[in-house]
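Each of the next two complexes has chain A plus one more chain, namely chain B in the first and chain C in the second.
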Partner chain A sequence: MILNFLRRVNVKIFFIMLGIFVPFFILLPMTELAVRFFEPASIYYQTLIENNAIWRSVLTTIELILKVSFISAFIGFVSAYIMTFYDIKFSKVINILLIIPLGIPVYVAAYTYTNIFHFIPFLEIILRSNFLMSGTVFIYSMFLYPYVYLASKSYLNKNMTEFMNASKTLGGHSLRTFFKVILPISRPVIIGSVAFVLFETLSDFAVVEYYGVLTLSRYINLAWFANGDFVSAVKFSVYILFILFLLLFTERMSRGRKRYSDAEVHHKPIIKKTPTLKESIGIYSLLIFVIGLSNVLPIGQMIISAFNNLDQVENLGILSITFNSLKITFISIIIIVIFALLLTTITIYLKGFKKNLVSSVSTIGYMIPSMVLALGLYMFYIRFDQWLYSVFHGIGLNRMLFTSTLAVLIIGFFIKFFAIAYTNLLSAYHKIGINILEASETLGENKLTTMFRVSIPMLKKSIIAVSIIMFIDMIKELTIVYSLRPFNFKTLSTEVYRYAGNEMINIAAFPSLIIIVLCTILIIYLERGSKK
Partner chain B sequence: MIKLKNISFKYDKQTPVLKDFNLSIKEGEMVAIQGKSGLGKSTILRLIAGLEKVDSGKIYLDEKCINDLPTNQRNVGYVFQNHALFPHLTIRKNIAYGLFKFSASKRKELVEEVSRKLSIQELLDRYPHEISGGQKQRVAIARSLVTKPKVLLLDEPFTGLDPDLKKQIRIDIKKILSSSNITSVLVTHDIEDAKALGARIVII
Partner chain C sequence: MKKLLLMMLFAFGFFTMVACNNNIGNVVNVYTTRHYDSDDALFDDFTEETGITVNIVNDKAPVLIEKIKAEGEIPQADLFFSADAGYLALAKEEGILQAITSTTLEENIPAKYQDVDNMWFGLTKRARVFLYDKSVDPSGLTYENVTDMFPGEIVVRSSSNIYNQSLVASFIEIKGVEETTTWVNDLVANMARVPDGNDRGQAVAVANGEAKIAIANSYYYGKLVDETDTSSQYYGVSEDVGIYFPNQGESDSGVHVNVSGAGIIKNATNAENAQLLIEFLSDVDSQEAFSAGNYEFPVNESADPSPLLKSWLDDQNITELKEQNINLSVLGTHNEQAVIIMTTSNWDDPER
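Then we have the complex of A and B:
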């Protein structure tokens, strides 16, 4: 019945409207930042300028992202290299343990380490050193490196053997092959995944707040929530976007005419090497160090804290906050998947400039730090509500239809995480190939009914996978939820932040553990599924 | 001289690709291994280069058993089927890749010399994606020859070339190999390739 109705729909007009609407909807809140950036500066902002505080904050932000990039790239890439090219014992378990930090929110890690420092004081001296910027660099690197690990492992598996063999036949030993061939050829994947680490680093405000590091994200947070000064917050947001753009642009320019892959070269499966005794000592030391600090210590500490404070669970209203987290997560996932399916169905038929435009704009949300995105959305919907009220107040319209409602929070999730669903589904669509869709059209179906009858059944596994990836990201997300939630709307992440921020880290352990357990189960499911 | 004695090899636990295979190649000789796909032609080259380890049997290079010698110490040139030119390096740096034991000036001299010989001087500052398939073939041979290997292994050097280019590359390779007087083993599924090069043909 639905299909019969859809067969009569004018698909062309529907798709054109959707192809314009979704990118426009994603971009709109950002226009607010561009407009407000040029408004006169507040006294607060001028004071910061006079004290050189902004300049120092820009430098601190650059220092933080450079250090986090380098350390997370090192840990992620070296671990991926070991797991790809060496035949090591318990590799399946080690692989999962190396990915689990993705399920540990960075702010939870930061709070947990405060407790760990009580038991292991020398760790505090090292990790809270000036070089590690009071611990922030350590937390971001140690809990975000899995982005680099996962991307590098998949890339090394598929793109390296013939180049490595060529290097060997030309006399290159292992180290030379690593530094002259493997590392430079992997540059795009390392940079691409480090960019994700940076998006996450710049999205967070809780860790820098906790450790007292004055980055630009922290200043947005201070201007917005402590001073109610939107214009200053907008100016800081634009600086962050500018730094991000400058870094990525410089990197892209420095590549010049170079390329990093050759589609004509078909790489053979990797034959893993058994490590020598010396290599084994190095490999296992590194893996134990990484897994110990990013898994065993924080999770162990959280389990102990949670069980020592079981009597506090009642006060937390754990069921209600878990339900709230799941509610916004599931609603957002359903909406995103529906729109991502529709938009990928359009994109697959587009070519050239139109395709690039739709793809770029639709995925821009993930690149915008959460605090910046939240600010843009908040200001845009205040303005939108004011406009709606001025036009429709005669018919009894509420003054705040969107602002501080679940709707804006879900829109925030939509813009931030749409890129995950869109890029993954588009890549799955390309694997199916356009011919099979065209076959359906030659048999009388239109693009919309083809989507229901051919694409969705074929993309079922990808849809489940992207839903899980989005779930992991959404359940952890603090910045968007904290900034855009309705009054008194509590979720797992906001409660962790609230209790830990009030020096009640032990109570925060329980909701933290729920987030981690949910994410870990899904990560294991996803990783095992990807192997099959 | 290369000698393969009673070589057996299998990938994983599958049926053997090679069983008690023997081959002897004299110094300066050109041998073409011809046969259908899946019979282990390329595997023979990979075993000589040390990219795979034999299950049993011995491989000799100049009377010396090289079974346990790692690839990078065998001094064997290998021209891969799809060239495997490093995409991030210019042609000049690709050719100079194996010359790391030489001084910078000597490296430069050797690269110039081999590129003159193969008529690729004008390509030296380009990247692999900026040259044609035929040019890639010459560069891949130059990169292998410049290290003065004891033996040159060519894996299906004529695959994917159009008939005119194939004819030209056959002439080029024949000329290069005879002028270098190098022992060479090439793998092909087309007997015409082997005949055109005037190589001794081994059918498997």
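Then we have the complex of A and C:
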């Protein structure tokens, strides 16, 4: 019945409207930011310019993101390589453990580590290290590398056997194969996932503040949260965007015209290699190092803290805050997935400039620092709300429709996380190939029914995977929830932040652990699902 | 397919359900920058006593002020509750508060903790004190002579911290811009490390021997003393670190004190309830609860500080704490200048 209805829909008009609406919807609140950007600079901003503070901070930011990129790429990719090509004991458990840090918010990691430093003083070299920029590089790399790990692993699993075999036949030994074949061919995947690491790094201000490093994110925080100077905060965000674009552009230029396409051939299964003794030592020490620092120590510390503060648990209202977290994540994920499916379907049929425009606009939300995005959104929707109120007050509208409900928060999630669903589903879509879709149309389906009958079933796995990744990102997300929630609305992350901000990180351990447990369950599900 | 549609339906049903739950009725809506369990407990007491439900959103003060400004004629909140007088002054300056006429508040709260136009009332006090390594003698320590007494031995958190900004702002009021700049430069030159961590983290640095003196908020010291979690880095720190209220000498300017306070938002729907809540928080019981639960000094002179807070004063033989003689509204007036002085002196990057 529904399909029959969809068959009658004028797909072209529907798609054109939606293709304009979604990017427009994402872009609209940004107008608020654009307007602020051109407002005159405050005295604070001028002082920072006069002191060369901004210039230094730009350099610090670049240093930070370069270091975080290289270290997270190294850890993520090398461990993905090991897990893909070597026969490792307990590989299932190790695999999960390598992903779990994704469920630990970076600010929680930073706060927890000060406790760890206290009890294992020798680790304080991390905090004192100039190279690690007072520990910030360590925290971001250690807790964000799983983005690289996940992407690399799924890529290596699918695409490498032929290349490995070819290289071996030509006499390359494993190290040579790694550097000459695997690394270069995986470059787009590494860069793509490192970009996500960087967006997360630049969206965070708590770690740099806590460890005392003056990056641009820190100045956004200083300007806005400490001095109430929103205009300067917007200006700094634009600097960050500029740096990001510059980096991605440089990378694209250096890649040149090389294209790495993945012809849809049937890949041979990977034959895992038993590591030699020498290799074993290297492999296991790396794994122990990574898992120890990103898993065992912080989670161990949190468990101890949680046990020592069991008497505080009743104040937390764990059930209700967990329910709230789940509620907003589920609603947002469903809405995002629906719109991402529709928009990717549209994008698939687009070409050239229009395609680029739709894709870049749809992903911009993820790049804008959350603290700036949140206020821009609020300003925009409160104006909209007031207009609605003045128009509909007479017929019973007795409150702000968006800003006093969860609506504005869910819109915030939509704008922030749409990029994740969109980019991932788009790349999955490209793998299906347009031929199948055209075949379906030849058989009398329109583009919309094709989406339901062909694409969605084929994309099912990607949809689940993307939903899980979004879940992990959303349940950790703090700034947007904190600034856009309605009255009395507490979630796991807001409570973590409330206690951590009040210098009671040990009590924050409990909600933090729930976040980690929920994420771990989903990670296990994701990993077991992908094996089938 | 059907499953997906069902899920969509479910989502929208849920969504509308959520959108319809509303806060209208006998309520007071509070925008607060304070995030303490002790506040929540007091709000619960208020509800029990009056039947008025307290709805809360907490966020950073600038965010809340911008939100109230944007909400304009139809504000969503009735009460603005902030942990810093500077922000209260800013809220007044932005024109988002309304004057309160209340004999109860006039009786309970001394004039120096009120706004001159009664736009806001202070409810609790904290002092910006020195936490010192117990192996040294802090006698006679002042904000001014600390760099001479303990050169290169001072730790303090970053310039983004509002309490530091307000400390510098109070100096601008007392000494003027030039002298304050010299003082800040001197302090920065004597910092033992790049400012990082939180207030309690500064005390940990002293306990670890990284410095002799930390500048911190008095109420965090209370939290240190009462830390029972043995797995916490804060546990036992107060054994090695003491609290000292500076500038108590006859010719000294007095210790820097800041207040948490509240004001009623202009055009508030539930202004009467908001006033009832402020009055409730100013009475002796609530004031003593703030002191016992959150280590803050009461502003109501009939209320006693908790035994712990009193013991700190006794240890220093203080019968009446000498406070800076300034109108707290100036913390807002001088805030921008304070930030600029701290920025130009490289507060957050002292090695430069």
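Rule of thumb we're sticking to: the second predicted complex is superposed on the first by the 390 of 532 C-alpha atoms of A that agree within 3 Å, B and C clash if a C-alpha of one lies under 4 Å from a C-alpha of the other, contacts with A are read in each partner's own complex, and residues count from 1 in each chain.
We adopt the following convention: a contact is a pair of C-beta atoms (placed from the backbone, for glycine too) under 8 Å apart; a residue touches a chain by one contact, two chains touch by 3 or more.
Nothing here was measured: the structure is a model prediction, and the numbers come from that model.
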Requested in this report: Please work out whether A:A439 is in contact with chain B alone, chain C alone, both, or neither, and reply first, second, both or neither.
Outcome: neither
Query raised in the report: After superposition on the shared chain, which partner residues are touched by A:F163: those of chain B (first), chain C (second), both, or neither?
Result: first
Query raised in the report: Who does A:L357 touch here: chain B (first), chain C (second), both, or neither?
Result: neither
Requested in this report: Go through the superposed model and pick first if A:R176 touches only chain B, second if only chain C, both, or neither.
Outcome: first
**Report entry** When both partners are placed on the shared chain, which of chain B and chain C touches more of chain A
**Finding:** C
Query raised in the report: After superposition on the shared chain, which partner residues are touched by A:S134: those of chain B (first), chain C (second), both, or neither?
Result: second
Query raised in the report: Now for A:L59: first (chain B), second (chain C), both, or neither, which partner does it touch?
Result: neither
Requested in this report: With the two complexes superposed on chain A, say which partner A:I120 touches: chain B (first), chain C (second), both, or neither.
Outcome: neither
**Report entry** Which superposed partner A:I185 touches (first chain B, second chain C, both, neither)
**Finding:** first
**Report entry** Set of chain A residues, in rising order, touched by both chain B and chain C
**Finding:** none
**Report entry** chain B - residues contacting chain A, complex
**Finding:** 49-52, 70-78, 80, 82-88, 97-98, 100-101, 127-130, 143-144, 147
Report summary line: chain A partner, complex, touching residues on chain C are 1, 4-5, 7-8, 11, 14-15, 18-19, 22-24, 29, 35-37, 55-63, 65-67, 70-74, 76, 90, 158-162, 165, 194-201, 204, 220, 223, 229-234, 335-336, 339-340, 343-344, 346, 348-349
**Report entry** Touching residues on chain A, where the partner in the complex is chain B
**Finding:** 162-163, 165-173, 176, 180-181, 184-185, 187, 257-262, 264-266, 271
Query - chain C partner contacts - residues on chain A that touch it in the complex - result: 2-3, 43-44, 47-48, 50-51, 53, 114-115, 117-119, 134, 209-212, 214, 221-222, 224-230, 301, 304-305, 308-309, 315, 327, 330-331, 334-335, 338, 375, 378-379, 382-383, 386, 389, 398-401, 403-407, 410, 452-453, 456, 482-483, 485-489, 498, 501-506
